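A, B and C are the chain letters, set down in written order, and residue numbers restart from 1 in every chain.
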């Protein structure tokens, strides 16, 4: 353990890795945007009464959630050529991450949709609202409160997962770090710099997600409290009765 | 074809060792971390949160490369297996500790109060009242986390542990047909996660049958 | 033993800005049944929780039997708390049975751990107490398999099995339907008839009138008056008591 210079050397590698952070963020945003839209339709599919649609959606969701992302990356990048589909590294990573994001997000979106009581849809039906309008104005706004905190969390997880795209040579943070490491043998410094870059996104992300969980949950709690207070009758109320 | 499947399937050994090894260590190491999280001293609680945020905030592959390439550069060379087990175990411990912490919060304050009012000492309270309820509360999440570790273990292939993905990669290099090779690996991952999920469901069913957590 | 069995002197308990218990003094004699009534948020529960130190008072002193704790000289030690608690049994509004134990084990385990009774001894005693609350048949049931009223009776049995000399009841029926609450009150009447010393926080005015030797009225953290049930119910000294009773009795 001769060398502790990495403890203060690492910041010098940050500028070289920054373009990789840009790639990672772009990859995260595009795969999450596509993945969550796909996830929404998968959620509707799983809830469908049509057996075929239900099972098809379920299989896609379980593949997206159950197969390691690394395997998905290899399947897309090294597997699809077998079917004559050659993808460049960037679109291949996008496809694999989007598939994964779709699988995970569909369960979170489904939990949100299921949290809205059936009475809400019935009420909208009784007002002759179209089912598209019912979703758009009645169901989705209420479901979002439940779904958004875990989706923010998932976005952070997908951001971390972009690091895996290095294995198919996407020029994100870890790929650049690997190149620099191989050239300088300063592995400890360069990977420490990479870790710090990831933390710059993940720690604020975790704080945001914790905050959303608390505030979106709190509205419900205080409502429950209000009902409880109403039922037990606060002191001021008994005074008014007298 | 059969030989290829057999060659890839042999990777189940290291995949299972990594998954269950790190799960076992993480389940145990999570307990002292829980103690840290529940500490009376805010400094210790702060240290706990810092550890958890940093461990979970850095992607697993970065930890693996730090442990294998980085620590190696400093002169302490870890074998791929040792580096992988070390990293996965620490990550598992951080996740388990957070699961335990959630479980503790889910136990109603009334349980602690009733134990207090009955004059049970702290050790008895933990052993007979809180412990068993915590175990039941966290079992499903722990099982889910083990499935997460199973998927995370795929990353050890990147530093040369001959697990399922590693072997599927080698077969792809020899024979091409990546769709088959990684498809086989993917199916084995799914097959491995099924019994863990089933186990989790059976625990959950047993708990709800026994006492509905109203 | 000279003087009353329980003697609380100038107890105070503060939660943040809110003074839940404000300079309360209360004496309880052996065998006495005292009901504490008053509007919600008056500090009744806080007071009763102070008496077995689930809440540690900030000031004042508390004597039960031969054990005295003075809170003005700092937080009491664990051993002191345990000694004082041995005299008391607590019944909660939310029952707080241990959900992973059967009724029998709920009643037996604390005896084994705290009083070091053998399993056989503890279970025999547990059956005795379960019979006393009319639930011997439910010994092997888990709490989730029992109604709310049954759960509360098991909780009473659990407290009684620890040989308390003072039973504290914190709104034992307020989580229950009136009809089911009646079965709890029946058990409590029997206890009172057996000369158990009891302190009861309750909203059941008729029950308080029938079973108590004394009623204490609590408002804004303080006991504003106490006296015989007849005196409090029909001729209270304080205007505030009158107002409270008018509201709850609808007269």
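Methods note: a residue touches a chain if its C-beta (ideal position, glycine included) is under 8 Å from a C-beta of that chain, and two chains touch if they have at least 3 such contacts.
Treat the numbers as computed from the prediction; the structure is a model and nothing was measured.
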Common touching chains of chain C and chain A: B
Innermost chain by mean C-alpha position: B
Pair with more cross-chain C-beta pairs in contact, given B-C and A-B: A-B
Separation of chain A from chain C, taking each centre as the mean of its C-alpha atoms, in whole Å: 50
Chain B-chain C separation of Cα centroids, rounded to whole Å: 45
Intercentroid distance (Cα basis), chain B paired with chain A, Å: 20
Chain B to chain C touching residues, read off their complex: 108, 110-111, 113-121, 124, 128-129, 132-133, 136, 210-214
Interface residues, chain C side, partner chain B - complex: 52, 54, 82, 85-86, 88-90, 92, 94-100, 109-110, 113-114, 142-145, 155, 158-159, 162
In the complex, chain A residues that touch chain B: 1-3, 6, 62-63, 66-72, 74-75, 77-83, 160-161, 163-164, 166-167, 174, 177-178, 181, 185-188, 191-192, 194-195, 198-199, 202-203, 206
Sites on chain B touched by chain A in the complex: 53-54, 56-63, 65-66, 69-76, 147, 150-152, 154-155, 157-158, 165, 168-169, 172, 176-183, 185-186, 189-190, 193
